[in-house]
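Take a look at this one; I'll ask things after.
Chain lettering (A, B, C and D) follows the sequence in which the chains are written, and residue indices restart at 1 in each chain.
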Amino acid sequence: MSRYHDVRKQSEKICEPLQTEDYVVQPVVDVSPPKWHLGHTTWFFETFILMPNQPNYQVFDPQYNFVFNSYYETIGARVIRTDRGNLSRPSVAEIYNYRQYVDEKMSEFLQSDYFKPEHIELLELGLNHEQQHQELLVTDIKYILGHNPLFPVYRDNSLKKTAITSDIKMLKFPEGVYEIGFEGNGFCFDNELGRHKVYLNEFEIADRPVTNGEYLEFMNSGGYDDFKYWHAEGWDWVKNTKAQSPLYWHNIDGNWMIYTLEGLKNIDLDDLLCHINFYEAAAFAAWKGMRLPTEEEWEVAFDQLNWGKRWEWTNSAYLPYPDYKRAAGAVGEYNGKFMINQMVLRGASEATPEGHSRNTYRNFFPTNLQWQFTGIRLAK
Amino acid sequence: MSRYHDVRKQSEKICEPLQTEDYVVQPVVDVSPPKWHLGHTTWFFETFILMPNQPNYQVFDPQYNFVFNSYYETIGARVIRTDRGNLSRPSVAEIYNYRQYVDEKMSEFLQSDYFKPEHIELLELGLNHEQQHQELLVTDIKYILGHNPLFPVYRDNSLKKTAITSDIKMLKFPEGVYEIGFEGNGFCFDNELGRHKVYLNEFEIADRPVTNGEYLEFMNSGGYDDFKYWHAEGWDWVKNTKAQSPLYWHNIDGNWMIYTLEGLKNIDLDDLLCHINFYEAAAFAAWKGMRLPTEEEWEVAFDQLNWGKRWEWTNSAYLPYPDYKRAAGAVGEYNGKFMINQMVLRGASEATPEGHSRNTYRNFFPTNLQWQFTGIRLAK
Amino acid sequence: MSRYHDVRKQSEKICEPLQTEDYVVQPVVDVSPPKWHLGHTTWFFETFILMPNQPNYQVFDPQYNFVFNSYYETIGARVIRTDRGNLSRPSVAEIYNYRQYVDEKMSEFLQSDYFKPEHIELLELGLNHEQQHQELLVTDIKYILGHNPLFPVYRDNSLKKTAITSDIKMLKFPEGVYEIGFEGNGFCFDNELGRHKVYLNEFEIADRPVTNGEYLEFMNSGGYDDFKYWHAEGWDWVKNTKAQSPLYWHNIDGNWMIYTLEGLKNIDLDDLLCHINFYEAAAFAAWKGMRLPTEEEWEVAFDQLNWGKRWEWTNSAYLPYPDYKRAAGAVGEYNGKFMINQMVLRGASEATPEGHSRNTYRNFFPTNLQWQFTGIRLAK
Amino acid sequence: MSRYHDVRKQSEKICEPLQTEDYVVQPVVDVSPPKWHLGHTTWFFETFILMPNQPNYQVFDPQYNFVFNSYYETIGARVIRTDRGNLSRPSVAEIYNYRQYVDEKMSEFLQSDYFKPEHIELLELGLNHEQQHQELLVTDIKYILGHNPLFPVYRDNSLKKTAITSDIKMLKFPEGVYEIGFEGNGFCFDNELGRHKVYLNEFEIADRPVTNGEYLEFMNSGGYDDFKYWHAEGWDWVKNTKAQSPLYWHNIDGNWMIYTLEGLKNIDLDDLLCHINFYEAAAFAAWKGMRLPTEEEWEVAFDQLNWGKRWEWTNSAYLPYPDYKRAAGAVGEYNGKFMINQMVLRGASEATPEGHSRNTYRNFFPTNLQWQFTGIRLAK
């Protein structure tokens, strides 16, 4: 119960520095308006827990199902084709009312006899779902403010500074059979199961991710202008977008500045690189004469690694583990249907909510996206 | 002076019923966020009147030039590619502060010796420009609310009802030489000049625009399914958009309802048809065995017509009059550069600000747009 | 009869220099493969003359209706979505067989009693239709060969050289009522009717079109880099296509070369400018401080003009004349449905078949196309 | 030497039934014109073997490098942006001359002292490269003819019929460490190396691929209308393309017909299913309550499988093997740069040239393409 309220409050705390207008916009399709995140996570508890299990539950507003459902497979008749960023209503105030209403009903439910042990798993899924959206809230708020020509500050002291001062050390692991995947009794997503054996060749993996300064060497040596470091798809991306740097980097009068949640700042060469896509990560590794680790290598090595500040691109495609079973019902749509043409990210980032990171966690994104707090770890 | 303040206040009055969120969104590229209209019209006075003519004028915020300039030809170096609807900042409150600041400075200027007779024309242009944006504010607010699945009400009693009860009468005009174009001493846009002679064949023109009921007959007789009434381009538009009705019409359980500024309403068959594009207007006329009038015919006939509730599509392309002269400088970009591939609308609509309509007024829009308060007048 | 065969042979004569492969390709949607032109013009006679009027006529191949019909409004069930340039079959040889078959049947028909006076008009339309496609054959063949990196020669001595040596003279015409439109008994398209009076202000019009050398001055003075000469739409076209010259101009090692039907040649400064679109024509005129003529001015002045080498962009939109009547049936689709968002070209070009040009001829094209043999005549 | 000529002749034999026009067209971007395949494979031997190794070699035509280079990274100055299917020149006859010229020069070279043992590997790569294009020639010819509304026959008796009469049997394999990848002295592509150990869980794999009849059950049970069988991306593909069947299936008057290289035929329920993309393969497997095999499972099981008629979609992403090394130079671009966002196909098809299939062969395609001779093998 207190965990329910702690997690729910955290979403609202993330939004505290926002002005009403910031809640509304959607600059690109991958970004959702903050008010949508606040409504959608609430809709999850209302739809999957209260409606089926709380007798006589009154939905807050029957039309919200259309507005906050993220799966568009079963839509009704009076639909107007629109995007999330075009919806000025429900207003931010109405959505906070919605949150308060559902939180009160959830409090009653969790203290009632209707709350049964078999609901715990779904409750836990709802809370982890909300934590995932907390991370998206941070990435999306950064995108919204960072693409405004006024470069507004989100929150002073919002960054945990990391000054890297030592060179990368390559850690060596022997070939052999290892075990991978979640084990234990706590919560995990279905994509972390089942735990299974893999055979790995001998490999080396870097003790820490790459810094801005190390990446700048790649840029200065012409990395974005030489096709031989890039996947064919990546090179197309470079040419089509005219990319010359990670996201949020601005070359102003010859100096590199980076938009951060504290506003536009001079580049910090010793800070960890952030906001690169898979193509950039792979090209940097190729330029170094190395490669990205597989997710299995990462998981085998994790407790000797400095990790948790950046989501790290692996060279593993997001595919089911050998004994993967899709859950039944709508919840079964959660992960499995996305298992194609995306790459696995391992680790966690400074935007990940506390208590939401795990060494078996399998995050995943399309190869062209930069807006996550992503970084690079080398392997060979 | 009092005219300046009256016009400026009117823009804010139009926005009174809005919630903050409604000021921000831009559902399609042709629609601008209401807060942008409020800022852009203010920027016009600041840039074209105060900055060149008021000594020591302090601009409110130097970055606003980028945000509120609608002509993107001369942009600076630190530009981020974005759309108006992606900008959460400046906030609505900041824009109202901007308006207040500029209005105060304008008050001082208009009462000072710096205000010279030669500025009157530009001042008048700025006020007419603001009135044009008042009309766009209404069309854009309607689009924003009308494309929200919750169909919010803008303002009760916002509509002037028109119940048409008599059949269309065709008024006949003899062939001959007529004069067209603005004359007199009042304000007009450069595109209404110069006044010139035209030779017209004998023609007939309807005394009033078409009603919803008359258009519904066209729809019920399969008008949207028979290519022979349509221009080739119009038929492509029908097929690509799957259009089956004017904008804001919704067929709900077999009944036609129309979104209005008072919310979703049952269709009123005797009200004037609204929100059709040029293709629909021309197809309806072809189905009737008639045609749309030219702008010259309309202007010759205007004082015998029931007009002013709908912008009426003509079959005249938006092109310069024989003695058209483009004004010098940035103001010269106002009209001339749009004189291609648009059609002329004549009349005015219920969204047109009082005092802003004129029998020589030449409005113009692309042929595919429906979001204006447009209607159909028949001719033959 | 001999006129029928003369016109028909001319189409094949145009194709004589082609290799089989040249008949097949369609580099852009506006260009059709030469073999399609040969088939489509044949299909016209088969469908509109032989099938309805020749008893027991056997169609050459029932599937050709689908392949060679240019109006896709009434297509059957077994359709495969494809473009003309994707069709390798029917082969070139089969299409020549088709032509021969229809020509023989037409010979029989024209000598038979089934051929009635009321068919003459349709026959004449078919021949004029074939002549229009002869002109398109030349423009499309030029596009196909001129967009091949090997720059193949179409035919030596295929160009009628024009060396302009004198300056442009402006001819002056007084204001007044003039008459416009086709009169007489010969053939004309429906869009040239009805003849009607227009009132024109006093105007001046150039005695000849613009040369390459005159246009090169515009280019060298930065014409493609200064938005103030361009329509807003035209400026978008410049930026999107990165246009810096007319079509077929290549700057090779600092020298301008032009692809012609005789291959790649050094620019001839005294030759008439060719292959510019409406935006370029209007921008050039604005740079000169002048304008393009209207089609009415052109027609009033035509017999004092040097014309016939280039289709000349006018500043008149392609719209119906006052007494325009659409023909009944499929033939009525010929012109009227295209009367929107295109501009009128007057004159004729070196690609126009002999006997196909007329002072009242109204050609028309979208404003962005350059592949016609278009030029510029100034007015003021 | 005789192997060189045997392989080279085979490409021309595949093209024998074509008419000249069939060599030219490119109906979609994934398909290349047959004449391009004939030129490109020739260019490979000229560029990588003759030019660097045969003293005084005269290139056939210096401009062919631009036309037949499939990697556009290093293009010269006089380039015209065009697509392969827009190039009517060089003609088919010229390309056959090019082949003959290069084949003669290769004969001389292979019998000369300039031909050294270290060239054998590159020669072998060139021949395998030509064989890959032979397979593409068949798939592309089928696409070109099969998308023509006349449904031309390629060659009678071009199909090897396979009548499947027995039910699928699932073969069981125990968990454990297996070895994967090419070993031995013959030719293989770099992507089949290095041979390495994998740990597999216990699995079952079907003894044969799926038939038309089995797939038709999926279709008839509404497989294309129920999102729950599909990846999210696959479901988008279904909705965007309105797909309701494999490629080349036509429902004509209620009966399923299939376009084959012998023309349009009634469906053969006992023949192996062909021309489905990854999304369809995965959806079918999900509908069956099974899954697709991984490429490792396939390779472990291969000698107990009925294979070689269809390329079989696996659920393995196309990624490098543990010890994969990219070759140096241009040849190193051959495989590695495509190792992202594609899925592995195992086996071979009836379009695969004899001697070109291997149990370790890793074919790969994007998930949305259907034009390969692809099939489905079930696993669980």
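By our rule, a contact is a pair of C-beta atoms (placed from the backbone, for glycine too) under 8 Å apart; a residue touches a chain by one contact, two chains touch by 3 or more.
All values derive from a computational prediction rather than experimental measurement.
Peer 1: Where the centre means the average of the CA atoms, what chain is farthest from chain D?
Peer 2: Centroid comparison gives B as the farthest chain from chain D.
Peer 1: With over half of the numbers shared counting as same, classify the chain B/chain C interface as same or different.
Peer 2: Counting shared over all numbers used gives more than one half: same.
Peer 1: Roughly how many whole angstrom separate the Cα centroids of chain A and chain B?
Peer 2: 44
Peer 1: Could you tell me the distance, in whole angstrom, between the mean C-alpha positions of chain B and chain C?
Peer 2: 36
Peer 1: If you average the CA atoms of chain A and of chain C, how far apart do the two points sit, in angstrom?
Peer 2: Averaging C-alpha atoms per chain gives centres 56 Å apart.
Peer 1: Enumerate the residues of chain C that touch no fewer than two other chains.
Peer 2: none
Peer 1: Could you pull out which chain B residues touch chain A in their complex?
Peer 2: Within the complex, chain B contacts chain A at residues 19-27, 35, 63, 66-67, 77-80, 82-83, 85-92, 144-145, 147-150, 152, 250, 252.
Peer 1: Would you mind writing out the residues of chain B in touch with chain C in their complex?
Peer 2: 73, 175, 177, 196-201, 203, 227-228, 230-235, 278, 282, 291, 315-317, 319-320, 322-323, 333, 337-341, 343, 367
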